[in-house]
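Chains here go by letter, A, B, C and D, matching the order in which they are written, and residues are numbered from 1 within each.
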Amino acid sequence: MTLRPADAARTSLDASRASASSEATTRLLLIDCPDEVGLVHRITGVLFRAGFSVVSNHEYVDPMRRHFFMRTAFAGDRPTDALIGELRTELPLNANVRIATTEPRRIVILATKEAHCLGDLLLRHAEGDIPAHVEAVISNYPTLGRLVERFGVPFHHVSHEGRDRAEHEAAIRDVLAAYDPEFLVLAKYMRVLSPAFVAAYPARIVNIHHSFLPAFVGARPYQQAFDRGVKIIGATAHIVTDDLDTGPIIAQDVRPVTHAHTAADMARAGRDVEKIVLAHALTLLLEERVFLSGDRAVVFE
Amino acid sequence: MTLRPADAARTSLDASRASASSEATTRLLLIDCPDEVGLVHRITGVLFRAGFSVVSNHEYVDPMRRHFFMRTAFAGDRPTDALIGELRTELPLNANVRIATTEPRRIVILATKEAHCLGDLLLRHAEGDIPAHVEAVISNYPTLGRLVERFGVPFHHVSHEGRDRAEHEAAIRDVLAAYDPEFLVLAKYMRVLSPAFVAAYPARIVNIHHSFLPAFVGARPYQQAFDRGVKIIGATAHIVTDDLDTGPIIAQDVRPVTHAHTAADMARAGRDVEKIVLAHALTLLLEERVFLSGDRAVVFE
Amino acid sequence: MTLRPADAARTSLDASRASASSEATTRLLLIDCPDEVGLVHRITGVLFRAGFSVVSNHEYVDPMRRHFFMRTAFAGDRPTDALIGELRTELPLNANVRIATTEPRRIVILATKEAHCLGDLLLRHAEGDIPAHVEAVISNYPTLGRLVERFGVPFHHVSHEGRDRAEHEAAIRDVLAAYDPEFLVLAKYMRVLSPAFVAAYPARIVNIHHSFLPAFVGARPYQQAFDRGVKIIGATAHIVTDDLDTGPIIAQDVRPVTHAHTAADMARAGRDVEKIVLAHALTLLLEERVFLSGDRAVVFE
Amino acid sequence: MTLRPADAARTSLDASRASASSEATTRLLLIDCPDEVGLVHRITGVLFRAGFSVVSNHEYVDPMRRHFFMRTAFAGDRPTDALIGELRTELPLNANVRIATTEPRRIVILATKEAHCLGDLLLRHAEGDIPAHVEAVISNYPTLGRLVERFGVPFHHVSHEGRDRAEHEAAIRDVLAAYDPEFLVLAKYMRVLSPAFVAAYPARIVNIHHSFLPAFVGARPYQQAFDRGVKIIGATAHIVTDDLDTGPIIAQDVRPVTHAHTAADMARAGRDVEKIVLAHALTLLLEERVFLSGDRAVVFE
């Protein structure tokens, strides 16, 4: 087992237990289903009887949708083959149940021309600071190739010129096929993805939007922010659903600005916010801390 | 001279000079005009030759509009009668030039039913913590009367029921006439003011909007924020121009929220942001730190 | 049952259930004990078998101390008389187990001369915005009497002059005896409390410290902050243990400042931080969201 | 003229003028001296008579030390040779007066083993996002060599092992001599510099300290922060004077944490704060926005 720093920090009891018993493995149990009385008791009972110990537990019930969400880190060296079946006998029929390891995930990053988010992720990756392996970077321009190559990561220039969206996406999917990524990261990728493309990665694509959504949807958000005279700018990382700018929000952050900031100043200040928010949201997603509840994201920080 | 704490803090050189020479008085010179080469030199020259010393100076040139703004605190006990005339000979023809004292301003607060912003202002007023005298509070409901009376401030219930907007505003202006306020504060006043009403207080009305503008314009912003699943909420204080929610922004602030916050939770967290932002923006306005530059506010903090 | 807004917001499932079944009552189960495998399953089992449903659940295991903490909001109209006994059979011998209602708590506020924190709490109290009833305010100066009387709350001036600390505290305890408060709030109370006094309210006294602890312990923290040239100031709310400034931290917040802020400016900006942080920490304490783990506070927000 | 984005943004009037007259050059006038009446008028007069126009102006008078600071961006294509002399006739005898260009500065980065601050600066440098040219990186360990080489920047491993401080610093100064840097950046350089070394770069060395100074001076600040149970962590960038942790503060920033963050978690969250704060402070320093006033830094943002 490779317990990466991010998870180790939050599942620290496990870490101390693991040090006592070096064979202990941590896995994640991920459940969402319509709410019922007694769910936590029943679910923890299955784990207990199977000989697993709960390391940490997050639950939430969406009060509008009466839907239950649970993320449980559990420890123990027994096989988990039978667990899903046993859990299904205790859960509503249409429950979503998954068991995930804490191994690094395979990801591919899509970008266009801007380097700050991509570079920041490549740096973190090189230092082992995100629980993922960056399989490749794909861009519709060649601009970022040199940066990516500095880090020894494969770079694919897949131009959109002379291709309609379907053709361009088919070309991207050909490249992706070779890497079979579990998650995609849109690190300032400035093209809208088709519903068909998005459907292949349900709740598995994270995008950074260069504004404090829902303010300034659309093009040139920092120019819009300047024109409006805002005193705070922000950035929003969200799950990509059918549209580039309106998926469920995972994380947001802001920074103060003044009347003396031009649109270019705001953009530069914004780049720092964008890269920090994207890296944070990606880590939350990779650690399986993000659930969808309708149009909202439940985030177990 | 009554140098209030807020200004004293920022014009501290003056304070130390004043302690040496107890007669020294601080006044504010407020100028905006089309930009020209040499303006700062010419303006400070007029003050110098008249025997005044510059205590602090803020300047800004709007790069799009090529418009110059300057706020100068100056000290000295000579009369300032001739200053405006002398300055006009050095400034472009259509320059706006004013001299203001640092005396507390007369203000009237308009509110509806919510107590948090109003109460916070009344508390600050009672403690001498804003550079203003609250002449009266006007509300279209009787709800807040008891709170206002706790503080010994006149309360006027001017109902909007059975009156159209013009009639209601006429009734409010009748009340205002008795107090002749220099500034109006909309402390969660939930009625839209007519352009005619606003025109009587040009750049002299401050409003608090319960969202991080321009997100969530309109009704029930916290419900909108909940529905959108935002991770940060905010509040915006702005100058009232012709419309309740879109005037130039003076100050904004934010607070983090999570998926576990209901709309009611967000509203409660929002109340703390609203009252702090409104008091801050009001103080900036009273201290003559806010200039209009088209649709944007220049704020000399 | 009086479900106050603060709790209603976070236990919203209960609110929706309660609307379906208007008799449902929410109570809080509060447990801390040495960690063991299966605790969550066993505890939720006791509730389940007794016919209660879990509304929300927070757990944490301190990885250093291997100590388990749990706060469970549960709903149901059965009596809870037998619950503690049943839970004890499932828990380690020395477990702390309590059941609390969500009724408003009785509190007394201690203050000295500064009005901002006290006034803010009185305003919130008058508006029903904190889950508490303010029984009285005690001060070692008469200064704040008029403010407190504005709100119709009993004010007791208990001077420390001519008394040593034991005598002064005895006089305070005489006043407190009449009110039997569950929690004390030190709203800028500038006297150190003796260990004997504190021991009478274990983890039941909250204090606001006018700095971002552990920076600037001691007197005149804003002067210290100015002298050090900091660019951010803050405030810290903490549980009072044996010493005024070093108890476990419940909440902190900060605000940016610049070189142009004098110590007085910093103090004024700091007052806004102080009152917001104190009210927030008090609400967390009243809602039984705060546990002690050695010198640290576990806070289930 | 190379007007870098950072300055262009703030001196935007100049940018618009420059576009009208492509020959216009922006330079910086930097003055500090004992305060006197009329300084701004006299200084702007020298510029005006020499045919230069003021693009932007920042002034401050330290009220305790009665010391005047001024940073003026001015435009015009005449030579500035005589300016200093003319200014001296208008200023107090011991005034500090400098004229600086807005050309990129030569810098050298010192680091030890941690990559986040160094990598972030190298990325910004590669993208032209800081107004500097990174001449080289020096480290007392070989660890970071590969990262630096990815960016094509010279890397020098100057081990401290087997050398006392004087010998180690002499070896570093030998390397520095070849590059003649104007500024040094300590990007998590974990060695204390001698007063002699620091004296060679007066107010020209910036360090990032991994805590919200003055809290947690000394070793292992995140462990200290965890032990103290703080709810906010921070980082501080400061000018290096005679001691690693106590120079005048240029910039600080913070991030919220909870009881569930281990010391390792806090350190990871802290890395994001550190790199953003260091890059911000370095840019301020390179743009000549930082003046020393005793133990405090005046920062014209």
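The rule is simple: a contact is a pair of C-beta atoms (placed from the backbone, for glycine too) under 8 Å apart; a residue touches a chain by one contact, two chains touch by 3 or more.
Here the structure is a predicted model, which means the values were calculated and not measured.
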Over half of the interface residue numbers used by both subunit C and subunit D, so same, or under half, so different?
-> same
Starting from the Cα centroid of subunit A, hunt down the chain whose centroid lies farthest away.
-> B
Find the geometric centre of each of subunit C and subunit D from their Cα atoms only, then give the gap between the two centres in Å, rounded to an integer.
-> 42
Distance-wise, how many Å sit between the C-alpha centres of subunit B and subunit C, to the nearest whole number?
-> 35
So which bits of subunit C are touching at least two other chains?
-> 12, 63, 260, 262
Contacts from subunit D onto subunit B in the complex sit at residues 12-13, 15-16, 35, 37-38, 40-41, 44-45, 47-48, 53-57, 59, 61, 63, 66, 256
In the complex of these two chains, what residues of subunit B are touching subunit A?
-> 60, 63, 212-216, 227-232, 234, 248-254, 258-260, 262, 293, 295-299, 301
Interface residues, subunit A side, partner subunit D - complex = 5-6, 8-10, 12, 115-116, 119-120, 123, 126-127, 129, 147, 150-151, 260-262, 264-265, 268, 271-272, 276, 279-280
